[in-house]
Structure formats: structure tokens, C-alpha cells
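Chain lettering (A, B and C) follows the sequence in which the chains are written, and residue indices restart at 1 in each chain.
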Amino acid sequence: MTKTSLKLSDIRKSFPGVIALNGINLEASAGEVLALIGANGAGKSTLMNVLGGIVHMDSGRIEIDGETVELRNPLEAKATGIAFVHQEMALLPTMSITDNMYISGYPRKANGLIDYKAAEIRCSAVLTTLGCSMPPRTKIKSLGAGDRQMVEIARALLSDPKIIIFDEPTSSLSSAEKTRLFAVIRSLRERGSTIIYITHFLDEIFALCDRALVLRNGEVAGGGKVADLDYERIVKLMLGRTDLDTAKLDRERAGSLKEVVLKVTDLGQKGSFEGINLELHSGEVVGLWGLLGSGRSEIARALAGLDPVDSGKMEVLTKGSLKTMRSADAKKWIGMITENRREDGLLSQSSIRKNISLASLPFLMSSFWPFINEKKEKSEAARLIERLEIKNAGMEMPVATLSGGNQQKVILSRWLQKNPPVLIMDEPTRGLDVGAKLEIQSRISSLAGDGSAILVISSEIEEIMGISDRYLVIYKGRIVAELGPDASKEELLTAAVGAAPVRLS
Amino acid sequence: MSRGDSALGRVAGIFREYGFLIILLAVILFFSVATKRFFSISNIMGLLHACAPIAIVAAGLALVVMTGKLDISIGSVSFFSCAVGAILMTRMGVSPALALPIVVALGALCGLLNGLVCVYLGVNPLITTMGSMFIFRGLALQLTGSRVISIPQSLRTFGNFRIGPVFLDVIIAILFLLVVHVLHTRSPSGRRVMALGNGAETAARLGVRVKTVSLATFMISGLCAGIGGLFAIFQMGAVTLQMGTGQEFTAIAAIVIGGISLFGGEGAIFPNYILGILTLGIIENGLNHLGASPYVYPFVRGGIILLAMYADSLKRSAKPLVALSRG
Amino acid sequence: MASRTETRTPAKLERNRVVGKVLPIALFVLIVGFLGFTVDHFFTTNNLINILLQSSALGFMAIGMTAVLITGGIDLSIPAVMALSGILGSMYMRSGGDPVVASLIMIAIGMVGGALNGLAVAYLKMIPFVVTLSTQAIAMGACVMITNSVSVLGLSQSFIDVVMSRLAGIPTPIVALAVVATIVAVLSQKSLFGRWLYAVGMNAETARVSGVPKKKVLFGTYVFAGLFAGLAAIIITARLSSAAPTMGQEGVVLNVVGSAVVGGVSIYGGSGSFAGAVLGAVIITMISNIMNMAHLSYYATLIVKGLVIVAVVAIDSRSKRA
């Protein structure tokens, strides 16, 4: 009954400096849903890019229905019957469903014009199999996230694929939309498709999938029938040996917890998060933990005053007492190191010195002329460069000449110089090598030791465990758990996937 | 601040979607009441006749705008290509059968040059078409020696020919726009123009050849400028020094008033573009009847563009973009 | 204008920087060399002063335009606003008004125009090109309407005398430009606003995240441009002893943009110097003179300038891409 329709044998792929896939073996059959799980960097995306023809594997074999195939580009992948539903939707909002589905290849009439009638009939047919009743002429912009995703799926189904891969499909869905999605996937399974379902959310695996495969560090850590698995086993496979303890970085804790520096009540932003309540104390590092798509970055940006909020209030410690602050004023008290330093963290054309001083310029003014006191600016920059050991060829060099780790240190220096009471860091060690990571982590610790209140977001559980004093776990835009300093990996992970935190004996 | 479901929200929603139509009706009503002879057949026919040239010239620009770019050289391209044609016919005795296609081809060529510089040299379309606006105008003035060049009488007769009360060129213009509309809404290339306006990256991900589409729209813009220019000189019987001056501005005004967003991806020839042209034409015709001085027109056009852009920016900020999945 | 990803390698950044600084100087030397060779008495004091005097109003406008360009925007209305402020100030003088007040009126009108642009771009998030295209048309429309296309005469003599006077043998406009340009250049490098200006131009999001008041900065640059349009108006009306809508005609904006671009200011924002723009104004003026000497028609000069601008921007674009 179960016929192997997709077989990957010993797939290997390396990028400069990192082995992404280290001999992956995978088998999936027609009429089954295979879950693909793994932490960030485990190799899921690379494997999917190989299947999608976007990336070429270094070695290995792919067989579909017993025949070896080569996937040199996305068109070939599509031709062999593989379809993708990506996490990031590629839709054209001002155009109709039909247009979105057929834009890369319309059915044509004899005179060369588009045969909309045929296209619409086919669209309706496919949408109906998905349980959707939207008229094909509806414009995408008037559809909600769930319906939009249905259109994406419908587009993937147009080519009658044998194998359908869903990449983190539920990140922006409401629970009703998720239920509908699952019904759709089940019906696809009934019809004999092979479905690969990539996700972080363990509860979905148990609700929907037949088998599961866990990736870790580019290899298959384990797997099997979902009926034979449980949360703990999967989590163990994702993490490796559970007795691996992360050394908590030493920190001089000057006495007990200090005063509340930031108090947030019922903060909400439509479509991203709601009901956020938290308190940050000076001298502590709070880890904002959650999976991709949980809303962590949105919360962080809203706290820092970069994006507007729809409800709730923020209070900041000023002159001895907590005073309410407008979102727009947040920048005075709260600094933010953003997720993507290349996008909005650096002025790459500008020098290291100027990048460091960017947030503190009003404080570097001369007392007499309306000029910036460059001497002071340079000495401060030199001090910070030395303190953080930023390797550079001179502070006047453009910051683009630095390595990723040193660039991140520059951004850190910028905020160290301004020294706001609250500092939010979103993935502060992303893209850095191990040495740089540890350095930044210890800086964060010492910053807290000096009295700042720090909120850290990280996708790497070891990292966040190593630096946090306590944790706020985010799931689907809400804080679902507050865990203390001795929370274990398992507790953190199970809380992040929406289950109650489980403590292993 | 919740919106959308309240009654006020719904009215605002209707206005956003159909604002241009409401404005058109309001304008017609206003001028019919405020002036005599506005609603007469002869006035309406004259109005349509006057609108025909710009309607054609700006059609290509409408396509460029729908891809999210701009081409302000259309007036100059129109002038330049027609100047060449007029010189060929009048000074060098070339027959219209040869000269007219040359004009059209020249327009397309100018558009192609614009497109090549924008797409392949990567120069900002605003700067490119601003530069080419001056370059083509300069060439045209140089060629004509700053003199009016007339065209053969036969063409002038043709340009003002009537079938009953209706002008022939109005009919041709409507047919032309119909063809453009059909190609825009029902051909794959036309649909890809709209896709590009929704976002070059998304379009590229969906397999649209972004560079080719963009190049093509610039070429069509030049082509329309050439053809529309012919309509204009047929009506006038000559190529004048001021031909095409400020035309890009009028074109932009007509385009935005019809509800086509300058950010790209929205609108169509029917109804938006046609209504925009008509509305602007009516406003100017009506102002004429009211005895307004010709100096008022730049104010009106400038004001229209600013108001329309303001309305457009309101429209964009009112609807929070549904969060496309992000990490 | 367009969004930029920070993908430039260090080598490219250096090349960029070098091109931006070297280009205006190289052009300057080239042209001066050419003129020195072909024109008799080119290097006489009289002639050189003449050239600088011709460039002075353009220099002021170029300074204003540069501020806007650095933020990645553009202000096409500078010449038109200049014409309007010149006309209004002159009309005031014609009806017996005090010349000092008239000068202030010109500056004020310039700033009002700039504020309108700034409001639209910074707070209403509209596209700078189209906004300033519209305000340019409105301003020109106003000019033509107010004057009925007739030049405004009857400026007060003291106004003309003061503006056209000489300080130690050098015409006041040149001195004024030199002084103002120096102040602006120094401030742009050393003041808070200057740092903010370049930061917003290089990466507006980074600037915003770091606490730079982006909207205020943007608004300020357009008001600044308007202010300088007003200053240019003072000089031009005094030189012409009149004010007319033709002061803001289409060819002028080409000169202003050309001055900035040739002076090394990037259309894409984030780089360029005010001193370079002033040098660019002198270069553009000399190019115009060369074309005059070659008996090129006015139209041919438009063609040449258009080509120059597109060429320089194309080079700039190439150096920013792969």
C-alpha cells in the first residue's frame, strides 16, 4: 500500500565554511504526510531548496517514483511533480486570484489573448477541492491570510503535483484557518499526494502527520511513525543529549533584583500580538523566547517605539517613579539592536566612528560652538573600540570593511555609548562565528552587571539559556509562560511549541 | 482606532474605491449648472475632440505608471517625432504614407532609449526621462529652427473631419484605447505589467521577466507619444514651438485623477484612465466657459495632483497590509 | 527615492568616494584649461569675476538642492519658487516698500514654498519628484498670473546698489556665496543637523532606529532649499533690475540639478558636498558660456546639459551596482 514516491539518498551540501547537509536519507510515500522538524540551522531550508531546484546538492541521489531525477532549476522541479507552498507568500495584491495563479503561464485563445473562461473554470475547480468558495475574480488584497494561503496552495496544485511541500504554513493563520488547512492537507493525502510538512510546532505534528523526521546539524537525528513518538522524544532528538548542560556565564549579580525600569500593560498590535504584560528590572537579562513567527520581533520593535501599537500602555522609570510614556517617545529610554544589521543597523558607507556615535550625537556637542565635539567623539569611540575589542584598521574606515562580528560590536558600542536604561537586542549574534558569539554574549552579561535592563531575542536555545536570568515565552503573539533561571531546555521548547512546559525527570 | 465596520468607515471605503467617479459626476454637475452651453452637443463634441490627442499620448504613460515608474519625456518625444515628420513632409516632399510611420517608429525608438538607460544602465527613471525631456525638446527645436512647420492640408482636413456631429479622430482614439485596454487586461504581457507594479521582487519570483516588461512599457510610452502627437498636429495643421510643453504634467494629472496610483499596480484604461482624461478635460473646458484666465490651469493641475496623491497616501495607510509571513 | 540594500564592498565604496570628489575637480580643471587656451584674456581678473558673478545665484540654488539630494529626494520647484519670491519682493519694492523688508519677503516666500514641499514629503510621505513637480507648476502659474507675463520693474535703487556693490573690488554676491557656502560646508560636516542629514540619506531606517528625527530632518531640508531659493531671488532680481516669470523657466532647473550632479552629489542620496555643488555651479556656467561661444542655440545647450546629467548619473549608478 505504501509506495515510496520520494527517496533522497545521502544528500550532501556544503557552503563556504559550513556543512549544511551531511548525508540526508529520506523516504516518503504516496498518501502520507511526513513532518520535517528541526531547529534553525538544522538544514531544513537547504534541503527544501535542493528539492526545489534552487540549490544544487554536492552529491546524493533523488528518486521520484523510482526514477532518478536531476533538479537543476525550479522549472525542472515543477516538471517532475514537486510543488512548494512557501512560508513567504508570493502574491500580487491588486490582481485577481486567477491572475495570481496563472501569471507565469496563462491558457491562451487562438487569437493570443488570455482564455479567462478556461482559467477561471480551472481555478474554481481547484479552489473547490480546497473547500474554498471565493470567486476567482476576487482581488487578493481583500482576502485574509488564510484565504491567501489557500490561493498559494491552489497555485501549487495547478500542475497536479505528486509531491507537495509546505514550509511553516501556519505562522500567520488563526486557529480556524489552521483547521481548514489541515482538512485540506488530509484531503490531499486521501488523493494520494505525498506531503512534506515543515514545522516547529509539535502539536501540529501530532494532529496531522503520519511520520516525522528530525534534523539536527545537517543530519537526520531520528524519526519514525508519529504514533510511536511523543513530545519528549522529539525534543530530545532536536536537541541532542539532554544531559548536555550549557554553562551559564558568570555574572556578578550586585545584590537582589533592583527596581522596575519598564512596565508594560496589555500591549497589543493588530495581527501580531496582544495582551503583553511584562516588567523589566535594572540589572537583569530577560530572554524573550519563542519560535519564528511567534511575534517576538514585533513585540520588540513595538517596545522600542519603532512600530505603532493599537492598545496598552508603557511606563518608564523617570526621576524615581514610573511614568506613562507615549510609544513615540520610547526611543529616549529604550534602545534597540535590530535583527538585520545590514538593513537598518549600520550606515555602511560611513566610518566606524560615526556609526558608533550615531545615537548619542546630541550629547557630544561642544559647549561653545554648535558643533559636534569631534575630539570627544573620537576618544569615546576609541574607548569603546578597545573595550569591545573591535578589530579594525582605523576608526575612520567605512564600517563595511569590518567582519560581521565586529560590525555587530559597533552597533553594540553605539548603544553602550547612549546607555539607555532599557536595551532590546534582536538576534545579537546572528551570522557570527562561535568566538564572536561568545564575546557578544559576555558583553551582554556585563552590560546587565552595570545596571541596564536587557531584553534579548535569540533563536538559539543554548545562547538564550546562557545569558538570561529569566524567560518570557511567546507563542502566537501572546506570553504563554514565564520561566525562572533554572528552566530546562525541554521546558523552554515545549512552552514555545504551545504545550505546557514539561519537566523531564 | 477600529475602522471599516462603522458607517463612516463604509462611506470612506466607497469614496476610496470610486472617488474618481464621484469627482467626475460632481464636476459635470457643477459646470452644467454654473455655465450656459456646457451641456450642448457641440460643446461636448468639441471637448472630446480636444481631449483626443492627450488621451493617446498619456495612454503609454499610464502603463509606465502602472509599473510603478514615471516617464516625463512624453511631451518632448511627441514634439520631436512629429517635428521630424513635418519636416520630411513639408521640406523634403516625403509622402505622408512614408512619413507618418516614421514618426511612430521614431516615438517608439525614443521610448526604447529611455527604457535602455533606465533598465540596463540602472539610472533612475525620473532623472532619465527628465534628461531626455530636455534632449528631445532641444533636438526638435534645433531641427525646426524654432519655426512653425505646417503639414499638408489633406492631413489637416483629415484631422478635423466629422461624421455627423462626431469627430473622426475621437472615434479612432476610442478604438485605440480599446485596443490598449484589451491588451492590458487580457494579454499575458499586459497582466505582467500589472504584476510588475505590485512589486518587482514578487513578480520576479513568479517568473515575470521584469527587465523586458519595463523596457516594453517605455517603448509603448514613446509609441503613444508619437501617435498622439500626430493627432495633435492633424488638428492644428502644424507643428508649433510649444508643442508638448507641460504635457507630461497634464498627463500625470489626468492619470491620478482617474484613480491610478503613482505607486503602481492599480487601475485600468477603462474606466480609470478614460474618466481621468474626461474629468480633466471637462474641468478645463468648464473653466474656459466660466471665463477663467488661462493662468489658472497650472494651479488646477498642480492642485489636482497634490490632492490625488494625498488621497492615495490616505488610501495606503488606511488598510494595514495583511502581514505576509515573516520570521 | 529607491530603497537600497547595503551591498557595497569596501573597494567599491572607496571608488565611489573618490569619483565623487575627483569628478568635479577634474571637470573644472579640464574646462578652465580649455577656456584658458581658446579664449583671449580668459585669466584676467575681470573675466574671472564675471564668471563667478554669473554663477552666484545658481550657486545658492545648488546649495539648496544639494541638501535635498543628500536625503535621497529632489526639489524641482527651486527655480519656480525663486521666481515667485523675486516677483513678490519686487512688487513690494515697486509700491514703495523698504528694500530690506523686500529681501525678507523673498526669503520668507521661499521658505513657505519649501515648507509646503517638506510637509508633503516628510509628513504625508508623498513622492518628492511628483510633489515638487506640482509645486513648481503652481508656483510658475502664480508667477504668470500675478505679473500677466510682464516684467516687474521699479525696484528700489538702493536695493540694486547694495546687492550689486563691491567689497574690496569683488562683487557682493560672490563674497556672500563664498561666505555662506563655507558656513554651510562646515556645518554640514560638523553640526548635529549635518550628521543627521547624511545619516538619513545613507539609510533612513538605520537613522530612525538610532533616534534621528527623520521627519524633522526631511522637512528641514526642503525649507532650507526654499530659503536658498529666496536668497537666489535677491541676487537675480538685483542683477536684472527686474523680476519676471522667465527667471524660473524650465532650463533653470536643469542648471540647478546639473550643478549638484556635476559637483559630485549623488542622486541616490547619502553623499556629496556643498562645496562641490558650488563648484558644479561654476562649471555649469562655464559650460553654458562655452556653448554660447560656439554659437550653439539655447536648445542645443539643453540637449548637452541633459546628456551630461544622464551620463554622470549613469556613471554613479554603475559604481553602485555589481
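In this section, a residue touches a chain if its C-beta (ideal position, glycine included) is under 8 Å from a C-beta of that chain, and two chains touch if they have at least 3 such contacts.
For clarity, every value in this text was computed on a predicted model and none was experimentally measured.
**Q** Across the interfaces A-B and B-C, which one involves more C-beta pairs in contact?
**A** B-C
**Q** Please identify which chain has its centre, taken as the mean of its CA atoms, farthest from the centre of chain C.
**A** Comparing chain centres, A lies farthest from chain C.
**Q** Centre to centre, by mean C-alpha position, how many angstrom separate chain A and chain C?
**A** 46
**Q** CA centre of chain A versus CA centre of chain B: separation in Å?
**A** 45
**Q** Centroid of chain B to centroid of chain C, CA atoms only: how many Å?
**A** 30
**Q** Touching two or more other chains, which residues of chain C qualify?
**A** Residue numbers touching two or more other chains: none in chain C.
**Q** Identify all positions of chain A at which a residue touches two or more other chains, and write them in rising order.
**A** Residues of chain A never touch two or more of the other chains.
**Q** Which chain C residues qualify as touching chain B in the complex?
**A** Against chain B, chain C makes touches at 1-2, 74, 120, 124-127, 129-131, 133-138, 140-142, 144-145, 250-251, 254, 257, 267-268, 297-303, 305-307, 309-310, 313-314, 317-318, 320-321.
**Q** Residues of chain B touching chain C in their complex?
**A** Residue positions touching the partner: 70, 72, 117, 121-124, 126-128, 130-135, 137-142, 146, 246, 249, 252, 262, 293, 295-299, 301-303, 305-306, 309-310, 313, 317.
**Q** Under the definition above, what is the set of chain C residues touching chain A in their complex?
**A** 5-10, 13-14, 16, 187, 190-192, 195-196, 198-199, 202-203, 205-212, 270-271
**Q** Chain C touches which residues of chain A in the complex?
**A** 304, 306, 331-332, 336, 338, 342-350, 354, 358-359, 361-362, 365, 370-372, 374, 397-398, 400-401, 414, 418
**Q** Which bits of chain B are touching chain A when the two form their complex?
**A** Counting only chain B, the residues touching chain A are 1, 182, 186-188, 191-192, 194-195, 197-199, 202-203, 205-208, 265-266, 319-327.
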